[in-house]
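Labels A, B, C, D, E and F are assigned to the chains in the order they are written; within every chain, residues are numbered from 1.
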Amino acid sequence: MSTLVELIPGNSLITATPEEGRQLAIKLSRLIIKVTQPDAAIREKLRPVYAEDAAMLIAIGQTVAIEFATIAAANNFWK
Amino acid sequence: MSTLVELIPGNSLITATPEEGRQLAIKLSRLIIKVTQPDAAIREKLRPVYAEDAAMLIAIGQTVAIEFATIAAANNFWK
Amino acid sequence: MSTLVELIPGNSLITATPEEGRQLAIKLSRLIIKVTQPDAAIREKLRPVYAEDAAMLIAIGQTVAIEFATIAAANNFWK
Amino acid sequence: MSTLVELIPGNSLITATPEEGRQLAIKLSRLIIKVTQPDAAIREKLRPVYAEDAAMLIAIGQTVAIEFATIAAANNFWK
Amino acid sequence: MSTLVELIPGNSLITATPEEGRQLAIKLSRLIIKVTQPDAAIREKLRPVYAEDAAMLIAIGQTVAIEFATIAAANNFWK
Amino acid sequence: MSTLVELIPGNSLITATPEEGRQLAIKLSRLIIKVTQPDAAIREKLRPVYAEDAAMLIAIGQTVAIEFATIAAANNFWK
């Protein structure tokens, strides 16, 4: 694992709003892919593969949903 | 990531009723697909692909279920 | 999204018994498929596809399990 | 949905032991398949399909794990 | 279901350490496969199938992660 | 299962920061693959398979997300 990739921007799960929490969930899920495939050229090549594949788009949605569940709980759901 | 897409309508997980929470869960899951594939023409092309595919419909159901779990907890399950 | 489909019958996650909670979990998962594919004829055509496919039956089971987890927690596990 | 199938034997998530909770998790997951595919002959035909397929066996394991999480929480983890 | 297979060794989710909790998670996930496919010869035949398949190894990881989540919560995360 | 593989480095889910928690989540998910496929040569051969496959990268992301949820809860979300 490249330890050069920052996995959690700002090193915190706490966000000001649900919207920012959602953005963080997307970032977290993308950074795992970045650390697993550090070659930017390959990642770029894979982008149209998943972005035009319905099943993969759904799977990305599942991943973000799981990340967001953790972030939302960490923020006590911004209540 | 396009920051122009609003990821959580109303910027809140709180809804008046479970029914509205369910609608929000569907919206959240669709907005992740929108932000991942910002091209409306491609998304439109993918719609019949997943809407007529049993496995993808089931996967969409899983995604909504995960999103809803978070929303339901945020609303203390509307008890 | 068709707003004509009722996503949560009775607009509540609270049920009298675990058995009814389980039935609700099944209904919730089916209503997401209904709202995603509003054409009853297509849904009817897809029924034998998933009902005779072991992998899809398992995936349906996962979806119901996730929905039920939320319903069970909402009911404090009927304790 | 056939309402003739009992979805939760004993209509309770409470069990005396973790072992019984695990057995209940397996039963719950199987009963969802039974209610989705009520034809016993078809289910029987599908058994060797999933029981000799590594990917499906893993997926069954995931389903049981999710069901068990709910049952374990309902029993306060049998502490 | 063969009731001869012990599904939870020691009939408890409580372990002395996180490491032992992780080992238990692996065991629980394997025992579900054992009870679903009781024929040891078939399980043995399937081993190289999943152990040399990247997608199945990832899926096994997901299953263990879900089982571990339950065990960790049962142990109050060994705090 | 080889009991020679350490499944949780440091035998603890507690980390100083969310960033370290995320790194731990990645390690935990990789160690399950290591214990399931102990042959380093085969694992090395599988690396380019999943690292250049969009669907598998997404699935890895889901696994890490699930592991991280447990670690984050164990650390009271580092609040």
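To be clear about the criterion, contacts are C-beta pairs under 8 Å (C-beta built on N, C-alpha and C of every residue); 3 or more make two chains touch, one makes a residue touch a chain.
What you see is a predicted model; the values in this text were computed from it and never measured.
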item: Minimal step count in the chain contact network, chain C to chain E; value: 2
item: Touch-network distance, chain A to chain D, counted in steps; value: 3
item: C-alpha-based rotation, chain E on chain F, 0 to 180 degrees, nearest 5; value: 60
item: Inter-chain centre distance, chain A versus chain E - centres from mean C-alpha coordinates, in Å; value: 27
item: Euclidean distance of C-alpha centroids - chain C vs chain F, Å; value: 32
item: Shared-contact residues (touching 2 or more other chains) in chain E; value: 50, 55, 59-60, 62, 66, 69, 73
item: Pairwise touch network: line, ring, star, complete, or other; value: ring
item: Starting from chain A, with chain F taken as the next chain, the full ring order; value: A, F, E, D, C, B
item: Chain B residues touching chain C - in the complex, by the definition given at the top; value: 17-19, 22-23, 26-27, 30, 50-52, 54-55, 57-62, 64-66, 68-69, 72-73, 77-79
item: Footprint of chain E on chain F - complex, ascending; value: 1, 3, 6-8, 11-14, 28-29, 32-33, 35-37, 42, 46, 49-50, 53, 55-56, 59-60, 62-63, 66-67, 69-70, 73-74
